[in-house]
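Each in structure tokens, the structures are laid out below.
First chain A sits with chain B, and in the next complex the same chain sits with chain C.
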Partner chain A sequence: MNELMIMLFAPLLAGFIAWIIDVRGIREAIGIIGAAIPLGILIQYYSTITGSNPHVEYSLSVGGFKLLFQLNTINWYFAVIASLVGVAMAFGMASTSRNSYEWLFALMSYTGVLGVFLSGDFVGFFLFWELMTFASFMMVLRRNKHESLKYFVLSVIGAYAMLIAIGIIYAKTGALDFASIRQALYMDAMVGSMSKSLTALVFLLFITAFGVKAGAFPLHVWAPGAYSEVDQSYTTFFSGALSKAGAYGFLLLYILMGAKLYAALGTWHGHMMFSYIIAWIGAITVVVASFLAVLQEDIRKLFAYSSVGQVGYILLGLGVGTGLGITGALFHVLSHAVFKGLFWLVVAALILRTGKTEFKDFGGLAEKMPVTFAMALIAVMSLSGIPPFAGFASKWLIYEAAISAHMPLVAGAIFLGSGLAFAYVVRFLYAVWFGQRPSDLEDVKEAPLPLLIGMFILAIPNLVFGIAPGLVTKYLNKLFGQTVVGGTYYKLVTPTGTYNALLVTVLLIFGIAVAGLIYIYGAKARRIPITNTYQSGNPVTEDYNLSIRRNFYRPLAEALEFWLKYSWDRFYERLAGMFEDFADFLREGFYNGNVQSYSWYLAIILLILALWGVL
Partner chain B sequence: MSLPHISAFYFASIALVLIGLYAVLVKKNILKMLIGLSIMETGVNLLLISIGYISGRSAPILSEGIGPNQAVDPIPQALVLTAIVIGVATTAMALSAVIVLYKRYGTLNVEEIRRLRG
Partner chain C sequence: MFDWKLALEAIGILIYATFMGFIFMGIERKAIARIQRRVGPPIYQPIIDTLKLLGKKESVSHGFIYDFGPVFALGASIVALLFIPIANFQLFSSNADLIVVAYLLEVPMLGIMLGVMSSGNPYSAVGVQRGLLTMVAMQLPYGLAIIALVQHWGTFKLSNIVALQQVHGWSITVPALFLAFIVFDIVFQAMLGLEPFDIMTAPAEISMGVMLEYGGKHAAILFTQHAVQLFAETAFFAVLFLGGASNLLVLLVKQLVVLFIAIFVASIYPRFTIDQAAKFFWKWPTILGIIAVILTMGW
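After this line comes the complex of A and B, so read on.
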């Protein structure tokens, strides 16, 4: 057995064993070991991948198909991120999961995601894509049937779209492995034997398929429900790694058909048409999801929308289409996986210890759960893009890319999205951790140790890749075979600017130290009751009581009232309703219970057939 | 020609089928529909028989002076024998269903017996 195979199937196998043994303690240990094996093997491959010939291959014959698995610069990167998040998820689940069912399907989706990243052909890609979808669907099904159905229907639409696209590509090129397809389509870009409209169709089908998984607008409607209706430790993986399969798919689109799409669809105002479409999908996703995230009253929903929005950044970076944009997007894949994973683990800890999910029930937990609070703080700063955290470096690269590619509106969309992101994480920070503590939260304890370990696993990359972003960009430069982002480990240099992370870190620490000194030796602090802080002396009426915990952004919601009337959720529900009504109408009309009508149908059909010449 | 032309058999049997079909499609009383079915069945049987008819030949019974070359086509006759039995069986079953329907609904009008719908 090759090491790639061990890596791929270790989580699945561990999941099965944990499911069969089902003894508390043992199944957790097996699950964590199974989740850690891929990470260990991938780290061993680091020297091979960064060496002169970064390519590892293994092929497997299954039922007449030859599945090709490979490890090269790009999918090693994705696989490492997925396995890092996977390990953190396993530690988190050791504290929060209640049964072996969850272990089985969580680890199964882990194998699915790794398989998607490692596949070298479309057969394996599709098989593992479906394994991943199935396992995550089972996780949602456990908690909420309606949401799982929504997820299932959209996933099925995506899966069939992908299958048709693969079929068209196979019919045109006769190949299923990525290397041959890439070559054939590259040649075809010059010859043009694949027609323009067919190329556009394949593009549309792939966008649908990958867009569903990435949660791109307007296919994002499954994400908020599905992310919030599973074990929150699993959501770490769901939103941290599984949604990246969609981003990986978009990247694959570039690798496989970039030249062909460029040749077929041409340019639009100086941008490549196809990537411009992706950039706008990303931009709209960022804005819409961020606005919706700001208006949520439930922590899980808030971060679910936030996840959708942040994946929008990745699509946007990919859509800019320049080397810088793709570097930024790939960096954001890493930073989103670590900070959003961390967020979900924090949410898991909060739900585990308090059993509450809405902002109005929280408050003042920083004293009760100090370590979790520190982790939440790191996640908040990384997400909102405060240097020196990983989230800043990646967003900075995406901004640079959007600006230097002359896409002012797209850049504006991400600026708006960032502002909104800050608005919602600040609310999370304040409403949950500071302020007055509700009396029923007096005996809340610190999160359990495994959960804390999981948080540490994700918090460290946030800091390390924030202070030394060059670690990531140097690796990503290999992908392009040239220096896209220059500089040292601590300093990023792009054609339009320089970011010195170490300097910022030093300044930040210095600033905090000064602020700390002022706090300790400065003016005397006076404790004030919580009700004094934000009413400015005006009495608060009961019907317009906006506190950080209740309806805080209601003025925004009122300003947006016109736009909030339109919802894709409702649109899809209505569409489903219309289909149902139409089917009912057909049934009522034709299947009317009258024997004589059926005789008429028979006679008419026989007559038609006779006239047609069949009989 | 002393014998009627063969197309007269075709015409009459197809006419019987159409009359039966008319009864099934238009009559509201189930018994009348069943009568229509029986008429249709008769028409079909007649049609089958007349397809096998060869002008001037006798019944396909192997006997003195009548060989395979002097007989009409025996296959439709075998088919029709089967079809008659099946027809009688289905009619009998349909009649029993009609009895049950009448007991259950107190009417034989198909428009009123609409609770069969699913």
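After this line comes the complex of A and C, so read on.
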């Protein structure tokens, strides 16, 4: 048995065993081991991947198809991110999972995601894509039927759009493995035997397929519901790794069809038309999802929209289409996986310990859960892009890429998006951690140990890749076979700019030290309770709730009133309703139980046949 | 290996910037007083204020984050300052570019808000909300102005932008960048927290908003932070649009010009409400910014 296969099926197998054994304690241990095996094997492969011939392959014959699995520079990168998040998820689930059902499907989707990343042909890709969709659907189904069906229907539309696209490509090239398709389409870019409209159709179908998984606007409507209505430890994987399958799909589109799409769709004001479309999808996703995140009243919904918005950054970076843009996007894949995974684990801890999800019920938890709060702070800093955290390094690359590729309006959208990101993380910090503590949260305890271990696993990369972003960019340079982002481990150098993360860190420590000296010089501070505060000079008692927990950003909602009237969610609901009505209409209209009308149908068919000349 | 000259320069600039920042604050108060036909305080008044605050016998605290917020804010302001090329002192500017500095200038805001929120005061919370919404609102035109500038000069490095301006003339002499300059100047008003965009502090409406709970040494740190930030932001403006400077005196003149424009605007306009500010920023400055950006693209 090849190591690739062990790696691929270890989580699935562990999930089954955990499901069958179903003894608390043992199933958790099996789950964690199963989740950790792929990470271990991938790390072992590191020397091969960074060596002179970064290629590992294994093929498997199943049902007349030859499934090809491979590990090369780009696959390894995605797979290692997924398995890192997977391990963190397993630790988190050891604390929060309620039954073995969750272990089965969580680990099944883990195998699905790894399979998507490792597949070298469309057969395996599609099979594992479906496995991943099914498993994540089952996770959501457990909690909420409506949301799970919404997710499932959209995913199925995406998957079958992909199947049609694969069919068209197979009909035109006769190949299913990526290497041959890439070559055939590359040749076809010059010959042009595949027509423009057909290429555009394939492009559209693929965008739909991958857009659904990535949560790109306007196909993002499943995300808020699906991300909220599962075990939040699983959402770590769901939003941290599973949504990256969509991003990987877009990248695959570049690898397989880049030349063909460029030849068929041409350019628009110096940008490749197809990538320009992706960039705009990304930009709109960033802005729309971030605005919606700011206005949420539920902690899970806020982070769900934030996830959608951050994946928008990845699409935007890919859409810029230059080496720098793709490097930035891939870096953001990593940093989004680690900071958003961390966020969801924090949310899992909050929900586990308090049982509440809405901002209005939280408050003042920083004192009760100090370690979790510190982790949340790291995630906040990384997400809002404070140097020197990983989130800043990747966003910085995307900024540089978008501006130097002369996509100013797209770059403007990410400026707006980063302002909005500040706004929604502060909302989270304020409502959950600070202010008065509601009396029913007095006996909240710190998060359990496995959950904290999961958080540490994700917090460390946030710091390490923030201070040494060169570790990532040097690896990504291999992808292009040339130096796209230069510099050392601590310093990024692009053709137009520089960012020295280590120096920023050192100076930040220096600055805080200087400020700290002033602080120490001043008189000693006396600690007073939070209720001893200014209330226009009036006395304050415990009975008054002084923290603003509801509709914090009301003025923004008012300023956006016009835009908030339109909702894609409602549009899809209405569309679904129309389909349902139409199905009812067909059923009642044709199967009306009237014998005479059935004989009329027969007569009409006979008439048609007679007119056709058959009879 | 250790570069003593650079370290000394950095510390020297830091002291100079803090001092001049306080003087700028004094000038602000003096100029507004003169506009209103008052005598006003002496120009060194903010230094006295800060020293008084530091000399308080007791300060109160609401917890660790409450203390850490202002300290972090001042630290971040110092970092931002050290990455801007100040006149002939390049400091660390070759190690970070425009985007990094633009981000670092916003980080102190997060530090202040972090501390403020932990006080749990409702007025402070309203201040935080208004501050963040102002930031969200101004971010789009601010971004567009920076993008126009970068597209015209073709580099993100601040020292290169200064060098290019010394060869080809100041940014504001280029028509497209003049538009960007107008946009930036409007946004600048909000960055400095002056009327009509002093929505975050709004003394008359929400009794100082974010700064409300802070007293004693915490307030002293915030004053110092404001001074450093004021110096850094005016220097940033001068570097981007007014061709930088070859020595501190020229830089000072340019900073004062920038500051006086801001003061004159601030002293005659009343405050916007937050939704008016959002609507305003997303209308005229954004349109101007888009025009500037399109002009710099050359089509």
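As a convention for this text, the second predicted complex is superposed on the first by the 574 of 615 C-alpha atoms of A that agree within 3 Å, B and C clash if a C-alpha of one lies under 4 Å from a C-alpha of the other, contacts with A are read in each partner's own complex, and residues count from 1 in each chain.
By definition in this document, a residue touches a chain if its C-beta (ideal position, glycine included) is under 8 Å from a C-beta of that chain, and two chains touch if they have at least 3 such contacts.
Remember, it's a predicted structure, so these values are computed and weren't measured experimentally.
Of the two partner chains placed by the overlay, only chain C lies in contact with A:Q436; chain B stays clear of it. Contacts of A:F392 after superposition: chain C is touched, whereas chain B is not reached. Contacts of A:N594 after superposition on the shared chain: chain B is touched, whereas chain C is not.
Of the two partner chains, neither chain B nor chain C is touched by A:S52. Once chain A of one complex is fitted onto chain A of the other, the partner contacts of A:A603 are limited to chain B, with no touch recorded for chain C.
Between chain B and chain C, C touches the greater number of residues of chain A.
Within the superposed three-chain model, A:E367 lies in touch with chain C and out of touch with chain B [touch as defined at top]. The contact sets of chain A with chain B and with chain C never meet. Contacts from chain A toward chain B in the complex involve residues 591-596, 599-600, 603.
Interface of chain A with chain C (complex): residues 269, 294, 364, 366-367, 384-387, 392, 396, 399-400, 403-404, 406, 408-409, 411-412, 414-416, 418-420, 422-423, 426, 429-430, 433-436, 491, 494, 496-500, 503-504, 507-516, 518-519, 521-531, 533-536, 546-548, 552-553, 555-556, 558-559. Interface residues of chain C, counted against chain A in their complex, comprise 14, 54, 56-63, 65, 67, 70-79, 82-83, 92, 94-100, 103-104, 106-107, 109-110, 113-114, 117-123, 125-126, 128-130, 132-133, 135-136, 138-140, 142-144, 146-148, 150-151, 154-157, 207, 212-213, 216-218, 220-221, 224-225, 273-275, 278-279, 289-290, 293-294, 296-297, 299. Those residues of chain B that touch chain A in the shared complex are 21, 24-25, 28, 30, 33, 110-111, 113-118.
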